[in-house]
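Same chain, two partners: chain A is paired with chain B first, then with chain C.
Then we have the complex of A and B:
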C-alpha cells in the first residue's frame, strides 16, 4: 500500500490537519464532506425549507387541495378581528407567565432546598424528577382522574365541607386553563430543578463561608452570592422555559382540546385545529409564524435586558 | 436554645420534604391503585374511594384492545429514530469537531437553529412533503421526520464532547495509517460512549413521548404509537377508569425503564443539553 509513507510524512508535519494532496487525501475529503453534509442536508430539508414554506403559505389562502391564492398580509389582518385568536393569544401569555414563572420559581426553590448533601436527598430529587420521564399525555390522563366530577379534588372539597366549591374543573370555562397548568407544572418543575442544581454546583462554598463570617444573613447571601452566580444557568432556563411554554400543546390537546368554548385555547392548539385538522392552511401558517415571532421576541427582550443589567453592574 | 434548634432542623426538613414528595407521588399512586380495581368497584364508589379488592384484569383488557400493538408501533418508530439520530449526529459532529471544514461554525449553528424552530412552523409543509414522497401515514415517514427535526441538538452536544478528546489520541491513529472513517469508527465513537448513552436515552424518551407529529402525520389507527393511542382509548373506554389507568401505566413503563437503566446518563444528558 502507498498509504504508509504518506501517513508518515503527514505525521511529521504534526499539525493534526489532514493533508490535501494525494489520491487518498481527496477520497478522505469526500468521505468527510459526506459525513457533514448528509446530516446537514437532511435536517435543513425538513426544518428550514418547511419553515420558509410556512412563511410563504401564511401569505396565501389555501385549502390544501386547490392551488393557493396569494392574499398578502390578509391572514395577519384577519387575526385582529378574530375573537378566538385574541382568546388564544391572551391564554398563551397567561400560560407563559404562570406556567413559565411558577416552574422557574418551583424549580429554583427545590434546587436550593436539595443542593446541600444530606441524608435522603437523592430520593427527594428522584421523586421530583420522576414525572419528567412521562409523556405529557400520561400526565394528562393521570390528572384527568384527579379532576373528574367524582375525583379526588371534589372528594377533598366535599370532605372539608366545601361541597359548593366542587365543580367540573376541566369543563368549566372559568377554571379549565388553570386546571391545565397544574399537571404541566407537575411535569416541568423537576426538569428546571435539575438545571438549577447543576448551576448551584458551580457556586463556590468558600464564598458562603466568607460571607457568613462577615455576618451576612441567609437572605443576603442568596441575593449577593447565589443569584449572581446563577446568571449563566438562568439564561438557559429562561430559553428552555419560553420555548417549552410557547410550544405547549400536548397537555391541552389531551385534556380539553382548547375547550370548552375556546376557554383554554392556546395559539399552538388553535394553529393545529385550523391549519392541520381544518383546511385553512394559510391562516394556520400565519398563526405558526406568530408563535415563532413571539418566541424570538421574548428571548431577545430577555437577552437585551440581562446584557443591560450586566453593564450596569 | 441553639442546640435544640439545630437538632430540630433535620426533622423539619424531612417532615416538609417528605410531605411534598408524598404529594408529588400521590397522582401516580392514584393511577396505580385505580388500574388494579374492578369496574363495579369504581362504578359503585367513585374514583376517590378506597378499593374493595385488587385485580390485574384491567391490564389484560387494555393490552387486548390494541395497546400491545400500539407499544409495538412506538418501539418500531422509536428504536430506528434513536439509532439513525445517533449515527447521523455523531458523523456530523465528528467532521465538524475534528476537521477544518470551511464554514463549520455556521453549519453547526444553522443545525442548532433548525432544531429550535417551533414544530408549529413545520407541521403543514412537512405534512405536504410527506404526501408528495408517498410516506404520509406511514412509519417510514415518522422515522424520517422525527430523526431530521431533532438532529441539530444532538450534533451540537456531541460536537462539544468530541472537541474535548485530545488531539494526540486521534493523531497517533492517523500516523498508523488510519483513515478519517477509521478514526471515527475505532477511536472517536468508543470514546464518545457516555455522551451517546445520555443522548440515546433522551432521544428515546422524547421520541416515545411524541404526540404532535404522530397525530399530524398518521391517520391509520393500527399504526398509531402508544402516546396518541391511549388518548383514543380514553374516548373508547369513556367510563372504564380502571382500563384507562392500566393503559396509562403501560404507556409509561418503557420510558421509566430507560430512565432507571440509564439514570446516571439521563440526567447528565439533560445537563449537557441545557448548556446548548
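Then we have the complex of A and C:
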C-alpha cells in the first residue's frame, strides 16, 4: 500500500512550481481512479450483471424462447426430490475430499522430495509438472485409451494374473467416478507441487540449522518449522484446490459425460447438461447458483478460521 | 461516415454504445419485439445460416446460393456456417433476434413444431411444391394447424447394418422377424462372434434407436408419438413390454461396448468382430471405399405383424425466420431448395450418404445401399424422426439414463421406468 503515494510523488517530481505539481497530482489521481473504475464498470457489465441475471433466471421456468414463468423457489425445492441432483452433490463432495485431499498431500510430498538441489532435479520437477501443460481434453484422449476394455490397465491386470479384476472402468457405475479422479489428480498434483515448492523457498534455512543443533529430528522440524512457515501458501493452495475441485468439468465431460446413468455426474456436468445443452434454463441456473454458494461458503469458512487462528497466535 | 480513421473519441463512444447495448440486452430474459415493418428498400441481402461444417457440405451450400442468385439476381445471399453444437445452442436466440438470419438449416420434428407454436417460423406453404414430397414428408413439414414451416431437402434411414462378406463367411442371411433375429444372434454367438455392436462410452444416445424401433414395432407410431409428447406414461405396461422384448437380445450385445466410443465401436464392427450395428448410413462415412461397397443393412425385424410398419427417417432441410427482413427472398430460396435440381446439386457436391427428400430427385451417386434405404422408407406406413428429434434433448437425457441402466440391470425394469417417467415429467416442467 505504500507503493501508491510513492509512485504518485515520483511522477510529480521535477515539475518545478509546487502549485502546478498539485494540479498535476489531482489529475493523476483522477487517472488512477479511472484505472480502478473503468475495469470495475466493465466487470459489472460483463460479469456481475449476467451473474445476477442468472440468479433471477433461477427463480423462473424458462426454455429460452417463450416468456419465462416466475416460479419462486420452485427450482430449488425440485432439487430435494431430484435423485440425479443428490448423486451429483454426493459425487461433488467425494470429489472435493479425494481430489482435493490427495492432490494437496501428493503435491506437498513431491515438493518436499524435490525441494533440495541435486543432480537432475529440474528434470524430475518438469516430469511432474508436465501434465499441467497438456490440455485436459488431450489428456482425456490418452486416459480413454488407458481405460479401454482392451487398454493398458486391463492388460496389466491380466499380465499379473488378476484377469478377474479387469473391468470396464469408465462404463461401470461403481468405478467410473474414481477412474475419473485419477487423471484429474495426475494433473493437479504437479500444479500443487509447484505452489508448495515456491512456498518452501521462503522457509529460512537458518531455522532448520538452529533446530538441528538443538537436536530436533526431521519429523519435528517438518511439524514445527516447515508447516507453520508454509501457512500463507497453504491458504492459496486451499482456495485453488476448492475452486478447482468444484469447477472440475473437462475431464468428466471428455471421458464419461457424467455417465453411465449419472453415476459420475458432478454438479458442474449436471448444470451443463440441463441448462446449456438442454432447454431448462431456470433449473440449470439454480444449479449454477448452488455451485457458486458452495464454493464461496467453503472458502469463507476456511478464511474465517485461518484469520481467527492468526489472531489467536 | 467520412472519416477513414477511427478517432479515439469515436472509438470510445463506440465502446460506450456497445456497453450500453449489452447492458440493455443483458436483461437476458426479455424478448425483443419484432420489427414493425419489414423493409422493402434497396437492401436485398439474404443470410443463410448453416450447421453443415464439412468442407464438401459447405461448398455444396455455397453452390446452392450461387445457383439461386442466377435465377434471382436481385438478392445478395451470404452463407454463415457454424459448428453444429453451437448452432443448436444459438438457434433459439437467432430466431428471436430482431434481425435474424433469413433462412436456417434445421430438421423436422418437435423442436421445429415448437418454434412454429411460438410464431418464430415463416409460413412456407407457398414455397412447398404440390408434387414431389410423399404424404409422410408433407405431414412432417407442417405445424399443428397444417401450414408448412419446413422444407425437407434430404433424409437418411436407420437399419441393422452388416458386412455382406462377413455374413457370407458365417453362412447366415438377413432375418425378417424378431424370432429369426434372435435365432441369428444365437447362431452368431455360437460361432464365437459378438452379434450386436452398441458402443456407449460417448454415444449413449444410440440406445434411443433400439427403444424407438422396438416401440414402433410393438406399440406403433401413434403410441410412440403420444409417449414422447408426454401424453402417455413410461410406467405404462406397453413400455414395460418394450423392455421385455429388448431383454431377449441383451445377452447378445458386445459387453465391451460400455467402454467403447462410437469410433472404436464402428471400427470393431468394420473388422467383423461385431456382426450387426443398428445405425444410420453415417456409420460408414469415414470407412474406405471397398468397405463401403461391402456394407448392407436389413430392416429392423418385425415383432408384431399386426402393427403398421413405421421407419425412422430423419429429415433435414430449411426453415425461415418469421422476423426475416425480406420474407419474399426467404420464400424464394425455400422454393428453390425444394426443387429436385437443387437437391441433386447439393448431394452431388456434398457427397453425403443421404437421399434427396423430393421423390422426383435422383441420387447423384446412386448405390444399391442408398436405393435399398429409399425403398424401405417409401414402403413404410409411417415415418418418425428419431427420439430427440421427435421430443428434445432433455427427454433424450432421461432416456439414456434409463436405458443404459437397464442394460446393466435388466431385472430392475419397474424401478427404472418409474424413474424415467419422473425424470421426463420434471424435464417437461410438470
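Everything below uses one rule, namely that the second predicted complex is superposed on the first by the 267 of 313 C-alpha atoms of A that agree within 3 Å, B and C clash if a C-alpha of one lies under 4 Å from a C-alpha of the other, contacts with A are read in each partner's own complex, and residues count from 1 in each chain.
Note that a contact is a pair of C-beta atoms (placed from the backbone, for glycine too) under 8 Å apart; a residue touches a chain by one contact, two chains touch by 3 or more.
Note that the structure is predicted; figures quoted are calculated from it, not measured.
Trainee: Mind working out whether A:178 is in touch with chain B, chain C, both or neither, as first, second, both or neither?
Mentor: Touch status of A:178: no partner.
Trainee: Please indicate which partner A:49 is in contact with in the superposed arrangement: first for chain B, second for chain C, both, or neither.
Mentor: A:49 contacts both chain B and chain C.
Trainee: Would you sort A:70 into first (chain B), second (chain C), both or neither based on which partner it touches?
Mentor: In the superposition, A:70 touches no partner, neither chain B nor chain C.
Trainee: Counting residues of chain A in contact, which comes out ahead: chain B or chain C?
Mentor: So, of the two partners, B touches more residues of chain A.
Trainee: In the overlaid three-chain picture, which partner chain does A:195 touch, first (chain B) or second (chain C), both, or neither?
Mentor: In the superposition, A:195 contacts chain B only.
Trainee: Is A:289 contacted by the first partner chain B, the second partner chain C, both or neither?
Mentor: Only chain B is touched by A:289; chain C is not.
Trainee: Regarding the shared-chain residue A:57, is it in contact with chain B (first), chain C (second), both, or neither?
Mentor: Both partners, chain B and chain C.
Trainee: Taking the superposition as given, does A:280 touch the first partner, chain B, the second, chain C, both, or neither?
Mentor: second
Trainee: Now for A:262: first (chain B), second (chain C), both, or neither, which partner does it touch?
Mentor: second
Trainee: Where on chain A do the contacts with chain B and the contacts with chain C coincide?
Mentor: Residues common to the chain A contacts of chain C and of chain B are 42, 45-46, 49-50, 53-54, 57, 64, 144, 148, 150, 276, listed in rising order.
Trainee: Which bits of chain B are touching chain A when the two form their complex?
Mentor: 10, 13-14, 17, 21, 24-25, 27-28, 30-31, 34, 46-49, 88-89, 91-92, 94-96, 99-101, 104, 107, 110-111, 114-129, 144-145, 147-149, 151-152, 155, 167, 170-171, 174-177, 179-181, 184, 205, 208-212, 215-216, 227-228, 230-231, 234, 241, 244-245, 247-248, 251-252, 255-256, 258-259, 266-267, 270-271, 274-276
Trainee: So in the complex, which bits of chain A are touching chain C?
Mentor: It comes out as residues 41-42, 45-46, 49-50, 53-54, 56-57, 60-68, 78, 82-84, 144, 147-150, 168-173, 256-257, 259-262, 273-274, 276-280.
Trainee: Enumerate the contact residues on chain C facing chain A in the complex.
Mentor: Residues in contact with chain A: 19, 22-23, 26-29, 31, 89, 92-93, 95-96, 114-115, 118, 120, 200-202, 204, 255-256, 258-261, 264, 392-394, 397, 400-402, 404-405, 408, 419, 422-423, 426-427, 429.
Trainee: What part of chain A is in contact with chain B in the complex they form?
Mentor: 1, 3-4, 7-8, 10-11, 14, 16-18, 24, 28, 31-33, 35-36, 38-40, 42-51, 53-54, 57, 64, 113-114, 118, 120, 123-124, 127-131, 133-138, 141-146, 148, 150-152, 154-156, 186, 191, 194-195, 198, 233, 236-237, 240, 243, 246-247, 249-250, 253-254, 267-268, 271-272, 275-276, 281, 284-285, 287-289, 291-292, 295
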